[in-house]
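Common to both upcoming complexes is chain A, partnered first by chain B, then by chain C.
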Partner chain A sequence: MKPYRKVAVIGAGLTKFMRRALETGRELSFYAAKEALSSSGLKFKDIQSVVMATAPDAFDGVHMKGEYLADGAGGFKRPYMRSYVGGGSGVFAIIHGWYMVASGMFDTCLVVAEEKMSSCQPHPQAAFNSIYDHTLERPLGVNLLWIFALEMQRYMHVHKISEEEIALVSVKNKKNALDHPSAQVAEEVTVKDVLNSEIMAWPVRRLMVSPTSDGAAAIVLAAEHIARRVSEKPVWIEGIGWCLDTSFWTNRDLYYPDYVEKAARMAYEMAGIKEPSKEIHIAEPYDPFAYKELHHMEGLLLCKRGEAAKLTAKGVTQRNGDLPVCPSGGLLGVGNPIAAAGLMKVCEIFWQLRGEAGKRQVPGNPKRGVAQAWGDLMQVGTVVVLGI
Partner chain B sequence: MKEQRVGIIGIGAVPARSASPDVSYREMIFEAAQKAYYEAGIEPEQVDTFVCLSEDFNEGVSIFDEYVPDQLGAVLKPVHTICGDGLYGIASVFMQIRTGVFQIGVVEAHSKLSNIVIRGKVEEMGLEPLYTRWTGLHSYFIAGLEMRRFLYETGIKEEDCAEVVRRFKENAIFNPLAAYPSRISTEDVLNSRKIATPLKELDIAPQADGAVVLVLAREDAVRSLKRDAVWIEGISFFTGEPHIDSRDFGRASYAELSARKALEMAGIKNIRKEVNLAEICDVFSYKALQHIEAIGLAKKGESGMLLREGFFDFNGEIPVNLSGGYMGIGAMSEATVLYQVLEVVKQLRGEAGNRQVKNAKVGIVQSWRGIPTSSGATLILGV
Partner chain C sequence: MKVRGKDLKKDDFERTIKIEYHPKLLYAWDAGYAVGKFLQGLKEGKILGIRCRKCDRILVPPRAFCELCFVPLDEWVELKDTGRVNTFSISYISWDVRRLEKPEIPAVIEIDGASPGIGILHLLGEVKPEEVKVGMKVKAVWKKESERIGAITDILYFKPLKGEE
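And then the complex of A and B:
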């Protein structure tokens, strides 16, 4: 199961995440791509292929959105492809870029993830209705908050977790994000503030939900011979994994994400990791909702089932804890432009491992990190393990 | 470790048709998948990775990959969408297998375009929203502009384009999977309703519904499954100029560049001597001639003449679109090109029946993503 070629991340770029960007999706892609390129030591002419990740076309109202974004991402006059797994697209983008380079077809790849949700008026939540089954579910007027409320409820019930314990995740991530220059909703809040915030769909409260955002992220990938030449500190892609569960989400027990576990096991096997909780130094699980971080920590096998809340309460997941989780501030703090949010997590691991995370830097020279995203109908897990 | 070859070991499709009110896309994909797995001699559990091809607005569903795993037997497996036509899917699985991590991969594409009430409106959403869309340009209008420019630059006549339609629709008579086989005259095409002069109604490939599934495998897996594979010798995809307002309308740069790269990968120096048959994208009649020239089967401006002389016919030097192409099979957004791949696979295996080309060893397939894109791919298959 070992890949023939090693692939490294050699540059990363990120725009500010914001509520309503004046820039078009193309411009956002351009800013992120340019920053990633200039930090990589490569020039645009050295880029042999481009990968774009962006979630539903319904946000922008653009059919074949990948083709529309091509020029902003640098995907013209060269091989260009858009891959897509809903909310998991951000981390899938690096997997896509990885196989482009690891296959030997290309030596370099620019990976760009963009999302502009604000084009969907009055609120992008309405666009999410179109992800549901047209016959069985859409007529109910479902939105994401509803199904997350169901999942959160089930998770809390099975593991006997309280709302207070889940609120701690919001408190931690929003605080971490204060140090992130791209952050949209960083603030210092208390558990009480979280629990007193408006109920969106019980038990989900406003401060437990990530915002809707506009933004873009980008990374540059290179094959080993190029990475060693142009980069002083290449960050290697050690393992990748992704997994899609059945469309019939209503038939599953939602308390545990099997698909994340399968994706994680695939990535760990490739990276040669036997005990993830010991061998992973830093984690960026997908946290669009506060309980999701805990849910995904368990799926990623970073702790036993039902234990994530206890670790959070003990402070283990703080930046200076034994296992820093979402040191970037995550989606709850930095913001959630769907695909770009996933790739933002990859950027964070890249900066942390290189020791370039500034005020967000976790102590102890971390050597290995995992980033994960999740999407579709509570259905897909995408995982990447990076190391130096 | 030495890089191993990747081959197609199974391919299944449901017959294309103009509408399919009696079956869902799930049922069509299931049928195609069963055929493909049976031909490959595998169970879906043996597959390591799945790629499905779709664009949300064509499906009327956001995040379409949500709805593919069950009918493919891909639950709790690596599955993802590529927003591209069939050849992009093949390229994607090809690259995944070539990393050394995967052995067997599946590509799926389908069309349920008959569900769309006003297709022109969906295509209009593909235009750049700030500077271009407000003009309300219909995709056929843009095709008309392109056709005019192409005819002007090359001196090819509308009659030549009509010949394309006549011949390809006739080829489709022998293809049991085609939705639009017919015998028509060039006058029928020339006298059909004007859409955006010089583009006429019969210059446009009619849409269809269908589904197709392919199984790809690495050399060692092909051997252990004891199958005869049709090997992928070359593959490339390319995006040219993304703005329709600053593009060279006379040329198909994506086809030129992807074909050059794919031929180079396959080690083919002279396409006209070394390739035995071709399947090209003919979603509009003039596009067929433009693509024939772009990939090097004819010199600039000569494709019409060669076509008239029978160079691209069944008995000609290099038969083109024996499947019937988009004109004969039907336009199925991402899926049609995989029906064309199916044709080449059958030909190279010697299973094409009464349309079998003698001694077919190498075939080329070329695709285009349609208006308003300048993205396309080329695949070279060999035995």
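And then the complex of A and C:
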């Protein structure tokens, strides 16, 4: 693959992530977009294209939510597109934004991601059930937790990983989030607290699950000639990758996310990365459930298969470890407004590489990071490599 | 960085205007060629798979085309109604997020006669949750023939097959 032009991230913004926001989805989008713009050195009139990521319409109860939200994302009277691959949407959006600029069609792109899950009552989970096959699976009384529980169990079984080892991810991420101004569920918890929390769908317990959230995130992308002019510290998009696996999910071995590996290999090849575990300095893998961080570290080739739990136990993935993982606090700590959560990870890499992450800053001046999101029916991996 | 947003307290949220929205939606989903025949098989008490001549996989649930080889499939194979638990969960949450006293045990079951690793989603029954293991041998428990309608629920659940651990 030969990208046409270099593309940089030059600004980023977030709202708070909240259980129930007073603001509408449009207002949240506007806050995040405005913050990203004001940090970018560009003005709204300089934005030539807009990409919006937002997950199922059923959450908001608004059909064609992308169009409904467009005004809040600055999409009015501009080339505008919605990126949507379920939970993978947040990182899919920067991939689409990259296309807008790398292709030479536009010099700038505003990328916004929003989710407002609290509108759907009593719980947005029921809106998820229609991802299952209507004839062969839904009549069994499915719920969304099942797929995570089935995948987690398979992962634990194949690698002989214990619940204690997985609980360490919740402990780390919830603690990291204490330093994040947007965080919804940051707290100091122990492995014992996690293992004593209520069983939802064994082996999944309450403190191993990210919350439902309202929130928005945004970034500004610019072509090289603009980025070098307006930004002191542009963060370059070095690689992108994405991949979708079959929806016959009961025919796949869920212990390993093959499709994440394929997406990662695509991004690493573009970035010229040969040994990801050495050349990637910080990682923000998608962590809607505690085991998913480990699962995705392996899919991203940051360690060998089955090794992520051991690295976590050794402290390698702490902010001061050799490979900081989810220094933001991740979805488990900051929260999970679905599409916005994926783009929040991109924002975190942006701030970390610029040395602007404040109390969350990892030591050692990281030069390169990877962000990844995941979604659909345990199917899609979306990956971006950023570097300075 | 400035992060905006007003997080409502539970009481405030209770006072928001709520609109009940019950669209009357009726979907007539076609089962299609492959799943249609699979459902007919279930009505007759059989689990049908389909073989790909190109990659030689025997697949269930059956499909009209092989997604790997991208060729049409039409070679039907009758599978057994037994299999092994590939993975499972013990779920205390219902589909609409109510707490369940008696858990449900969803599982991916690799069906005997299909290729290794090829399974379907179903439920386990007649087993204590703590006794379920990955790799456990199970057998389908069918509805009475007169009650079967050609649906996945014509199999009530899978139960442990004793003496064949």
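We adopt the following convention: the second predicted complex is superposed on the first by the 388 of 388 C-alpha atoms of A that agree within 3 Å, B and C clash if a C-alpha of one lies under 4 Å from a C-alpha of the other, contacts with A are read in each partner's own complex, and residues count from 1 in each chain.
The criterion applied here is as follows: contacts are C-beta pairs under 8 Å (C-beta built on N, C-alpha and C of every residue); 3 or more make two chains touch, one makes a residue touch a chain.
Every value quoted in this text rests on a predicted model; they were computed, and no experiment measured them.
Peer 1: Answer with first, second, both or neither: which of chain B and chain C does A:G86 touch in the superposed model?
Peer 2: first
Peer 1: Which of the two partners, first being chain B and second being chain C, lies in contact with A:Q372: first, second, both, or neither?
Peer 2: The answer is neither, since A:Q372 touches no partner chain.
Peer 1: When the two structures are overlaid on chain A, which partner does A:S231 contact: first (chain B), second (chain C), both, or neither?
Peer 2: neither
Peer 1: What is the contact status of A:K77 with respect to chain B (first) and chain C (second): first, second, both, or neither?
Peer 2: first
Peer 1: Quick one: is A:T212 in contact with chain B, with chain C, with both, or with neither? Answer first, second, both or neither.
Peer 2: neither
Peer 1: Is A:F248 touching the first partner chain B, the second partner chain C, both, or neither of them?
Peer 2: Both partners, chain B and chain C.
Peer 1: A:I131 in the overlay: touching chain B, chain C, both, or neither? Say first, second, both or neither.
Peer 2: A:I131: touches chain B, not chain C.
Peer 1: For A:H157, decide between first (touching chain B), second (touching chain C), both and neither.
Peer 2: Second partner only, chain C.
Peer 1: Can A:G61 be said to touch chain B (first), chain C (second), both, or neither?
Peer 2: After superposing on A, A:G61 lies in contact with both chain B and chain C.
Peer 1: Going by the contact definition given at the top, which residues of chain A touch chain B in one complex and chain C in the other?
Peer 2: Chain A residues touching both partners: 61, 133-134, 246, 248.
Peer 1: Per the contact definition, I'd like the list of chain C residues that touch chain A in the complex.
Peer 2: Contact set of chain C toward chain A: 1-8, 10, 12-13, 18, 21, 27, 29, 31, 35, 38-39, 59, 61, 63, 67, 86-97, 103-104, 106-108, 117-123, 129, 134, 151-153.
Peer 1: Given the complex with chain A, which residues does chain B contribute to the contact?
Peer 2: It is residues 1, 3, 55-57, 60-63, 65-70, 74-84, 88, 91-92, 94-101, 122-126, 128-130, 236-243, 253, 257, 369, 372-373, 375 of chain B that touch chain A.
Peer 1: Once bound in the complex, which stretches of chain A touch chain B?
Peer 2: 1-5, 24, 55-58, 60-68, 70-71, 75-86, 92, 96, 98-100, 102-105, 127-128, 130-131, 133-134, 241-248, 258-259, 262-263, 266, 270, 375-377, 379-380
Peer 1: For chain A, which residues are in contact with chain C within the complex?
Peer 2: Where chain A meets chain C, its residues are 13-23, 28, 31, 35, 39, 61, 118, 121-123, 125-126, 129, 133-137, 139-143, 145-146, 149-151, 153-154, 157, 181-182, 184, 198-204, 214-215, 246, 248, 250-254, 351, 356.
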